[in-house]
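Chains here go by letter, A, B, C and D, matching the order in which they are written, and residues are numbered from 1 within each.
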């Protein structure tokens, strides 16, 4: 008996890691001991993000995104990244503007939802300068689940019959139990995940408030994990409510405390979008004169030593307004 | 012709009426979400809204500007993961998905990936599927909203099938492995309302907006459309609907620019 | 190109539901509306558990088990159940003693861990009276995950090379991406899940404190879900902390408030095992004279109208001692 | 011969020494858990304990009587699901799994399913795999504890391979699709300590307990064993180890009956 491959897509698999290799790598390279994993973001990015890596990004494109890590990757001129464009918005746009990206697995990119399309990404994708393979948000999540489970492929019931499938690496077979057609997708084990969470202890036990989106799966599938948090808390607090631990410590390589670390993104229950900031950034990226976006990057990324300087430039008043927005308060009502 | 409403407002009202109370809808933001919120404020208070980023049944305080932003989990009954939402749709719990796109063909196939014929160097690169293909593959009914109804958007053949409609005709979805009894059920445009003829699975005109003729629709559509026996005229928005749209749902004017 | 089936097990698939049928069934039979789902346990079992059903059970064999539902199933003489023996201890033992079970998917049964083997189960399995197919705890969980995802099979990297595999329905193939061998298992969509949780609202938004074990997956995979809880809380409290909702309302068919509903099991953070109760029960089941276990069932199940009478017979003092045990208090220290 | 300790106590102490500090161990209850707790109390304070029901790195107040009971999540760093634990082992995070069984063969294959040759009507039906096959398939090293060392339990061919050891020899695990560089590393019995000879993947005697001879082990084993060049004698439990076992780890005498 056999399962015939009835149809298959032509999409390139950008992430070459197999679950077997990743498991072997994990054994040799990751400690299971409870050790203090705090370090400056500069060091974490230098140590754990390398040219040519396959990068996964936490949050949802402009919600709970690890902007402090994104800025640092741009600042360090890391090159030739492949990126999981698994709803990637402000995060991937900045990386592409900064010249860090070579390949993208696309589920959702280019768009800023209601704010329209990105000039930077259109330019790079339409010229073919950045390569791509198409998937869906569900498909990418299922690939990560396979990676987290340590299996090399997973059957799905999406993408079937479409060009999305034909531009993916998926293969259509019949289920050996029911006879129905399913699509097989290769698992995904990124080299490194950058993510931003509400809090963690120094060992890397991570809590997230609200929707998890895909950070749990990405942490489980990835080789290395860099977690920036709004706040570091004591492990006593973690132990008092262990059901809140979305990611256990042994998956995490670096913990960095950075309040406002998702700006200009929306950090649920903390601060809302900095709408004007993103509109200005988008406008710069849409300018036909490429110097405009370069100047923007100089002003907001390269000229700073670190994220503190960025926050200082934004100013406390502006940041606190984003808290008001988050909590639906009348603007400046009580201040 | 003078009207006290815009076409986008009309589309929201027509779209809202497609949603039955007590059902579940998976929705992005923009006009589809406005329509969903309007349904909840009018005839469907018990409509369950599900967001792909993980928000289930929130009490939406105002229009979210992203399908994952804080508003989508405001006083939600459950916050979870994207994959859990996909699984939920796959398991049959979601009645409606609400989608749009850059191009659509007569079978309701949607393109939100690219314009052009060279995948490597498209004329325009759009966002891609996002959750659209997942929703359109797994939800029971797909409702489609398309503004700027024109032959450039309503085309014989889309440049790229991002999300499956009825693909190439009756039985095609099942043949390709998609779940049975699924597919697009309505297309709401700024000119009219389509359903799909059961036999051919092709788009069928069932109602024109006030002031729009069947001829207008034919001219604006790049493929041959089926015309129902009795083409109705859609109801214009009521005063109350307009009030809800502007005062309650989109007070900041994100969708209905002020 | 093809994926050849290299080896396959002979185990029977007891649960005949396919994900496609179950999804269709869900559309027609389950409401998505927020409605009050409270009802007496008697009614819930009558309405949702039928002769011949495939039954899944929440918790972990003797931890957070839905004993109030188990007792009611025995009381109603429901017959010919197939049961997911996915670490099943006190729960399945009572059902088998009560004559309710025909088939078992075995991952872990028969044993009461440190307390030794069950006389009831040994008798029924060794005589062949109850049929079985062997799996592992991981394998059963993966089957449920496939059922929850709505796909008909899932690849796993366990059971390979063993007799456990040969007595399962698994099929060995090579991954079409990496060439490595994996085992394909059929998905599992139980007819009905009975589970016990810490709390829920009247709509069926369920919270569990501590480890979830497999209740989340089982609820997602099953057609019908009966949830008994220690406490019903307002939906305002659910909405105040939505990340705690392990199971959303539309998956749930019945909500029953029943404090102590897991007795003699351990309800984490509430009460510990009633060790003596279980030892007495086990001794009755091990007696060669079958009248002994029948008498036990008469005394503790059939003679009661409902669970309240059972609790009354146990008495408050005994129950409160289990709270002391749970919290590691010195016995009767303050009372 | 008079000793101030029991063989079970000795086994716990010998087993504890197999665990390196800073590693992760997936463990059931009973003697393996006692050994793990002892390791944590002595040379391996930074040993991470993981329970299959979902408890990660608890501060165990006393010996749990089930692998899922409240003690296994007492002040844990994370409480999660069974499948998440399986995934974690599969992803390579778990160094040791601790298993036992009713029968074992020279390749370390374990039977915890049945005695007899008729699957439909076994002489004795045991619990089955539980998580044992998963652990033994996925963890890097499998440590096995077998008490009552006798030819009935150490057999040429187990009646049922529940959990894979080295199956039928070198390369067999990989041939069948199991992950590379995995398999049983130690067998601790009430007579002795085995490892597995790298070339043949067969059990090899490396140490006898005090008072036990190589001949005793040979007689008690139903298959031919390999004997290491230097068979050591295991260290008897220290006073401190015995105190920890009885006062701290198992004060209620669940494993060490009083």
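Here is the rule we go by: a residue touches a chain if its C-beta (ideal position, glycine included) is under 8 Å from a C-beta of that chain, and two chains touch if they have at least 3 such contacts.
These numbers come from a predicted model, not from an experiment.
Student: Using the stated contact rule, I'd like to know whether B-C or C-D comes out ahead in C-beta pair count.
Tutor: Top pair by contacting C-beta pairs is C-D.
Student: If you average the Cα atoms of subunit B and of subunit C to get two centres, how far apart are those centres in Å?
Tutor: The computed centroid separation for subunit B versus subunit C comes out at 40 Å.
Student: Can you compute the centre-to-centre distance for subunit A and subunit C, using the mean CA position of each chain? Integer Å is fine.
Tutor: The separation of the two C-alpha centroids amounts to 37 Å.
Student: So, what's the distance in Å between the C-alpha centres of subunit B and subunit A?
Tutor: Roughly 28 Å, centre to centre.
Student: For subunit A, give me the residues that contact two or more of the other chains.
Tutor: 20, 142, 149-151, 157, 180, 182, 210-212, 242-243 - these are the residues of subunit A that touch more than one other chain.
Student: Show the residues in subunit D shared as contacts by 2 or more other chains, in ascending order.
Tutor: Those would be 73, 79-80, 86, 90, 138, 179.
Student: Taking the touch definition from the header, please name the shape of the chain graph: line, ring, star, complete or other.
Tutor: Looks like something else, not a line, ring, star or complete graph.
Student: Would you please name all pairs of chains that touch?
Tutor: In this structure, the chains touch in these pairs: A-B, A-C, A-D, B-C, C-D.
Student: Under the stated contact criterion, what part of subunit A meets subunit C in this complex?
Tutor: Per the touch definition, subunit A meets subunit C at residues 1-5, 13, 18, 20, 142, 146, 149-157, 169, 171, 173, 175-178, 180, 182, 184, 186, 208-212, 242-244.
Student: Any idea which subunit B residues touch subunit C in the complex?
Tutor: 21-24, 46, 48, 56-57, 59, 73, 75-80, 84, 86-88, 90-93, 95, 138, 140, 179-181
Student: Name, in rising order, each residue of subunit A that touches subunit B in their complex.
Tutor: Within the complex, subunit A touches subunit B at residues 59-63, 85, 87, 106-111, 113-115, 117, 121-122, 125-128, 134-139, 141-142, 144-145, 157-164, 167, 172, 180-183, 210-214, 216-217, 266, 268-269, 272-273, 275, 326, 328.
Student: Inside the complex, what are the residues of subunit C that reach subunit B?
Tutor: Touching subunit B: residues 19-20, 22-27, 30-34, 148-151, 203, 205, 220-221, 235, 238-240, 242-243, 245, 248-251 of subunit C.
Student: Quick check: in the complex, which residue numbers of subunit D touch subunit C?
Tutor: 28-30, 51-55, 61-62, 65-70, 72-73, 79-83, 86, 90, 109, 113, 119-134, 137-138, 160-164, 167, 172-173, 175-179, 254-255
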